[in-house]
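Heads up, the thing below is written out as structure tokens.
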Amino acid sequence: MSKFWFLLTIAAFARYAFAADNGLAITPQMGWNTWNHFGCDISEDTILSAAQAIVNYNLTRFGYEYVIMDDCWHAASRDNASGAPVADSTKFPNGIKDLSDKVHALGLKFGIYSSAGTYTCGGRFGSLGYEGIDAKTYAEWGVDYLKYDNCYNEGRAGTPLISYERYANMSRALNATGRPILYSMCNWGEDGPWNFAPNIANSWRISGDIMDNFDRYDDRCPCTSVIDCKLPGFHCAMARIIDFAAPVGQKAGHGHWNDLDMLEVGNGGMTFDEYVTHFSMWSILKSPLILGNDVTNMTNETLNIITNKAIIDINQDSNGSPANRLWKRSIDGGGDLSLWAGGLANNCYVVALLNTSPSSQTIDIEFSDVFFDQGKQAQSQTYTIYDLWQKDDSGSWGKNLGTVQGSFGNVSVG
Amino acid sequence: MSKFWFLLTIAAFARYAFAADNGLAITPQMGWNTWNHFGCDISEDTILSAAQAIVNYNLTRFGYEYVIMDDCWHAASRDNASGAPVADSTKFPNGIKDLSDKVHALGLKFGIYSSAGTYTCGGRFGSLGYEGIDAKTYAEWGVDYLKYDNCYNEGRAGTPLISYERYANMSRALNATGRPILYSMCNWGEDGPWNFAPNIANSWRISGDIMDNFDRYDDRCPCTSVIDCKLPGFHCAMARIIDFAAPVGQKAGHGHWNDLDMLEVGNGGMTFDEYVTHFSMWSILKSPLILGNDVTNMTNETLNIITNKAIIDINQDSNGSPANRLWKRSIDGGGDLSLWAGGLANNCYVVALLNTSPSSQTIDIEFSDVFFDQGKQAQSQTYTIYDLWQKDDSGSWGKNLGTVQGSFGNVSVG
Amino acid sequence: MSKFWFLLTIAAFARYAFAADNGLAITPQMGWNTWNHFGCDISEDTILSAAQAIVNYNLTRFGYEYVIMDDCWHAASRDNASGAPVADSTKFPNGIKDLSDKVHALGLKFGIYSSAGTYTCGGRFGSLGYEGIDAKTYAEWGVDYLKYDNCYNEGRAGTPLISYERYANMSRALNATGRPILYSMCNWGEDGPWNFAPNIANSWRISGDIMDNFDRYDDRCPCTSVIDCKLPGFHCAMARIIDFAAPVGQKAGHGHWNDLDMLEVGNGGMTFDEYVTHFSMWSILKSPLILGNDVTNMTNETLNIITNKAIIDINQDSNGSPANRLWKRSIDGGGDLSLWAGGLANNCYVVALLNTSPSSQTIDIEFSDVFFDQGKQAQSQTYTIYDLWQKDDSGSWGKNLGTVQGSFGNVSVG
Amino acid sequence: MSKFWFLLTIAAFARYAFAADNGLAITPQMGWNTWNHFGCDISEDTILSAAQAIVNYNLTRFGYEYVIMDDCWHAASRDNASGAPVADSTKFPNGIKDLSDKVHALGLKFGIYSSAGTYTCGGRFGSLGYEGIDAKTYAEWGVDYLKYDNCYNEGRAGTPLISYERYANMSRALNATGRPILYSMCNWGEDGPWNFAPNIANSWRISGDIMDNFDRYDDRCPCTSVIDCKLPGFHCAMARIIDFAAPVGQKAGHGHWNDLDMLEVGNGGMTFDEYVTHFSMWSILKSPLILGNDVTNMTNETLNIITNKAIIDINQDSNGSPANRLWKRSIDGGGDLSLWAGGLANNCYVVALLNTSPSSQTIDIEFSDVFFDQGKQAQSQTYTIYDLWQKDDSGSWGKNLGTVQGSFGNVSVG
């Protein structure tokens, strides 16, 4: 699990800038998606109940705004005459436009799912070759967000150019609708979307699907790195995705983010501390924060994690810089310890220590590491330190722990 | 070698679905092929004798139905005028149509072989550029199955798209005949057919050709993984192919299977226990079960293995889910121990323990591993357990060993 | 850090020759670039002040001639009517042509920067699809040098041919202007420019951007080799780039060089000895020597390094042969020791010993290693030896240390 | 170094067959080439002197027939009007046709060199885009053999298809001349020519250029395998090329061979025993045997090696099957020991034991390894054994050492 601090000083020199075309996801998108908890078993009610719960729990106040209907909303086939997509009339008796209107009426935005292939991953009709009519239909339905998957792509992968062209087709189709639709690419990191997608998409998945587990290796997620991984698979444990994310953080920025996959907080496969780590690391790596649990039925623990405003503020910080991993050290007995730090707006920094070993670890953390990027001056300053998982006197997250200089001494992480 | 159990409980949540176009191989195909035992030395008699033996031994009752004529059935060249394929008139004096009719008359189906290249692997004329006329001719001959190889492909490999296009050409040609012809791709896993082939083929080979040996490393099968292997080769030992199959099991399902290559059971290069392992693992990984021995001359041991109905039933289970490897542990002295489990229909599971080390191993197997995918509830249930390689009182495979809960304690595997 | 010697004897047999089209960079280019020190914070004054300093310090006498304006010189957009590139009128109130004239008036040459993508790395308009008008405009502006980057390339990478075509477009456009413009490719080594670029460019970067640090591993430069690296990144420590350069030295020669990236000497992240190593190794590997510090404000130490004429002469030697690494040995406690040697004109050789371990090392260096390429006769000759970092009686670099035969005995490197 | 034996029994079951189009190199080609000894320093005299020496030494009797003029025979440019290739008129005052006639008059065949690129490796004009006129001119000149290199290929590599098309262009052009011209591809193994070239070329190089050294690692030959090597380079030590060849032997056969590069026997960089190993291993791996020494000036040792008829007979054996490596074992102290065996015509086998460690090794060699491919019957037979590097009573190579069964006991290899 992790330790998190929040520090004050001067921001660093930014290497990459970028101007997004659709003006969306200036900070990482936040919302909720049906897949992780409900899979294919969705209906109008699933989505409206969740939307209502989001409102009831005041999650919108924290930034959660997109309600995303993932796979299996489809009828058996497209409309024969027009080729337009059609929803399953049993699950969605009032149609998608009606559903979207109701979601909008709750003050939320509405997202949909398709795949850049012949079929979706769930075997429904895909959008390959139907990008224009699908984007147009989504716009008519009032869709604000598209998660666009990679199944059954008919071999159209293997070089960045081949993947780019397939995904750019939908990007152009979405732009052509005139409606701002957040474009969330989900090609599992194939061919390096961090290289080719920054100006066609608002975010891109970097790996195979997340598994609701802390760090177990699973053969179905066989690659040891997302760089040139030829079988992203699924069942990728949470901490493995963090490890995957380390080298590609450099590629994210305003309007174009690395997507570490939807959150598992609240789904039951991890402990409270593990979910704290999960939510925190997703936050500082500037992943979209898309809830994946049943929001109509949450424990206080779950609610506490997903409404930690201090952590969310880091994710939504205007600087838009993912934290960088300063070092990673193998621990005898398995797992590793790693130090992460990132620059925020207003002369602030976030620092995290991640422990995936089975035992508690105690170390000193040197400012020469924490502020390696910022240089010697930053390394010798005095900082005010806040622990973002403790509450201050008013009950808000982020307790002032006093000041530090040179190092954090004797930090223990369980 | 392996231990096999069969358990009863509730099935898991399926990630991938799919609808095949030709309606074939809803469960993995079963049959017999000339290559492993006879190589190029085949004739009408080879095939008809085998077909007759399959009937005599009642193998059809167990599901073996395709009789497949592999390489070297060809005349020296195609028909000059039409370009149609022509059979060797010495080996097949009555032609292929006649042979096919005779096979059909025995209640069996008939398969043929070609290569997506200029030549077949045996140097006969290949189908590259002749897909249309070849598929049409096969249909006229009454062919029910095509094994389609990869030799002499004129460099048309290296990206999924290039390989896809070469193999999709034959898929479309077969579909265009109107005759249902099972399409068995054999491109040795190049460019990841598990990614690009699920909706053009009923099965795809994942590796170089099998060698009739348990686990010997051979330089002619040099890759350590089938993911992005650039030289699949041949002489791949049986247990190496099992290892290759672990990460790609996730890609198989109804109508589209990973093909671990034809069986060597009965060909003499392995012990009885090793062949038991071979047949069992092919079964639970949902590989096609294509016999490769001389079925006209079988020992009782061979016959016992290939007619274990309990094992075959797992292969043909309607759930269509390959077993997954839960863990793999290196053994001092070489080889490894691995645990595999898979969900079946009707609340059943199959569990196998594979030992490739030279010594006997004894361990506890925890239900937290076996039912990792199914979660905590499944891990705490009580199961009825059957050993599929023991016989019950009626002499059928699958002996009831009582119930288990929490773990299998002290399992020994020789 | 390194030890350097300079020896006298007969030159070796050259494997590769080449004729460059534009007649430039017969020896590696030398100059100064804004990026490493100033980043995006540049203006007319930045460049003119540096140019004036180069003249004042007499750096031209040592060969520094190109003054290169890196990223962020751009206006918000191209000229609407013509599509021609436009400079930021605040930073460059007199325009680029005027700036170029002033640089020329100081006896220097003027370089500019763009990217073979939709945007530059700093988010300004890129040249992809605008190669013709950009090259033409640069020529009109009196540009003598183009550094051509790789950001936002719309997926046009992944095979040598795709990258080649993108970069050859600009090469052809530059040639078409009729003005000799040195073409400095910066695609970070993707797809192996040492293979595809020798006759379209004068130099090519081999890795991600340099970091002003001796040898720290940084996750943002994740590849362990530049051969087939799919994420070159940035923050590549100096000694890591030396390691990257070892296998590709064979590909450089007159008019086509491996670019190890711009120098960090004087920027403060390394010690004096480390900068000596940096400058020396860049020199013997025949990298372009492009200063990256603030030349208007240099310490004597910095000045001493960048004006070591003996070292520069090796870089500019007419033989054009990068030094080769003869061996590399891991040192207990981390880092390694490596021996480098290269043939020069006039029967001379350069020899260097590089120590990246934390401790001092003492070894014998055998001539059977130093002159491995030259063979037995060269290994048994007597050589006059000069230490290029010591001064002779006249105060020039390169002190005669006497003669050696068979080996350098007991060499210590701190 | 190696031990070699020659055994008698029944041949194995062949996996791959093939029919070459030009009818050449049914067994691996033999001859002499200018490059390894003379590099660019060649002339009419170099070639004619060598040709005369080949005749004088009666090397033709052993099968050496091709006299190949490598790089640097070219004039500064092609013929302006026709585009046809032109030779250097100083080096070749009588032209190439005259030279070819003289070589033919000596009873030898004549080979030439070009590159599938803009330039040759030596910087002369290449054949890319000039395949037709070059092939036609070569045919007019009486050329019998083309070595076709890979330098300056303008990025046309990276997938098998791209490389195939570039090399197939010349193959087609050579066939179109009507003159049988042996086509020796030299693309250094890029993109796997063993996969794509068998029916367009008679041989293909598998690695970077050979270095006249037994086994020294050199950074200029950085790949650890030829499978998917992206920087073949040069300076590849002899024993490293043997290691490279092990997995690709399976791809060679009549008319299409793996080329391990030209021989260094006699060039001075290895000992007698090392050259014996070099020549023997090239032979049993069915590499073309192209001398690379100065045949006008040979020691008796060199002559003895290159005229060992027993070894040459194995290379030229009508079976055309490269030996296979049965095992490779690391030796403490560095290097390894490996066992190789191959089937020959007339029930014979060749067996070799290769030791690259610095010390002598003594082991038993089991027939279960030697005859692994042939199976149990072959493993239990009795064989007559000949040592091919000892002479029999008549002075011919191949001394009968008696019979063996089960194993070679206590074999020592120095």
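Letters are used for the chains, namely A, B, C and D, taken in the order the chains are written, and counting of residues starts over at 1 for each.
Here is the rule we use: contacts are C-beta pairs under 8 Å (C-beta built on N, C-alpha and C of every residue); 3 or more make two chains touch, one makes a residue touch a chain.
The structure displayed is predicted, hence computed values, not measured ones.
Asks: Starting from the defined contact criterion, work out which chains touch chain C and chain D both, please.
Replies: Neighbours common to chain C and chain D are absent.
Asks: Taking CA centroids for every chain, report which one is farthest away from chain D.
Replies: Greatest centre separation from chain D goes to chain A.
Asks: Can you report the angle of the rotation that maps chain A onto chain C, using C-alpha atoms only, to the nearest 5 degrees?
Replies: In degrees, rounded to 5: 90.
Asks: In terms of residue numbering, is the interface formed by chain A and chain B classified as same (over half shared) or different (under half shared)?
Replies: Counting which numbers both chains contribute, under half are shared, so the two copies meet through different residues.
Asks: Using mean CA coordinates as chain centres, what's the chain B-chain D distance in Å?
Replies: For chain B versus chain D, the centre distance works out to 39 Å.
Asks: Take the average of all CA coordinates in chain A, do the same for chain D, and state the distance between these two points in whole angstrom.
Replies: Inter-chain centre distance comes to 55 Å.
Asks: Residues touching two or more other chains, restricted to chain B: which are they?
Replies: In chain B, residues 159 touch at least two other chains, as defined above.
Asks: How is the touch graph of the chains shaped: line, ring, star, complete or other?
Replies: Here the contact pattern is a ring, one closed loop where every chain has two partners.
Asks: Mind giving me all the chain pairs that touch?
Replies: A-B, A-C, B-D, C-D
Asks: Within the complex, which stretch of chain A touches chain C?
Replies: Going through chain A, the ones touching chain C are 13, 15-19, 159-161, 163-165, 168, 191-192, 194-196, 198-199, 225, 227-228, 246-250, 324-325, 328, 372, 375-376.
Asks: For the complex, give me every residue of chain B touching chain D.
Replies: For chain B paired with chain D, touching residues are 39, 118-119, 121-123, 151-159, 162, 216, 219-220, 222-223, 230-231, 233-234, 268-269.
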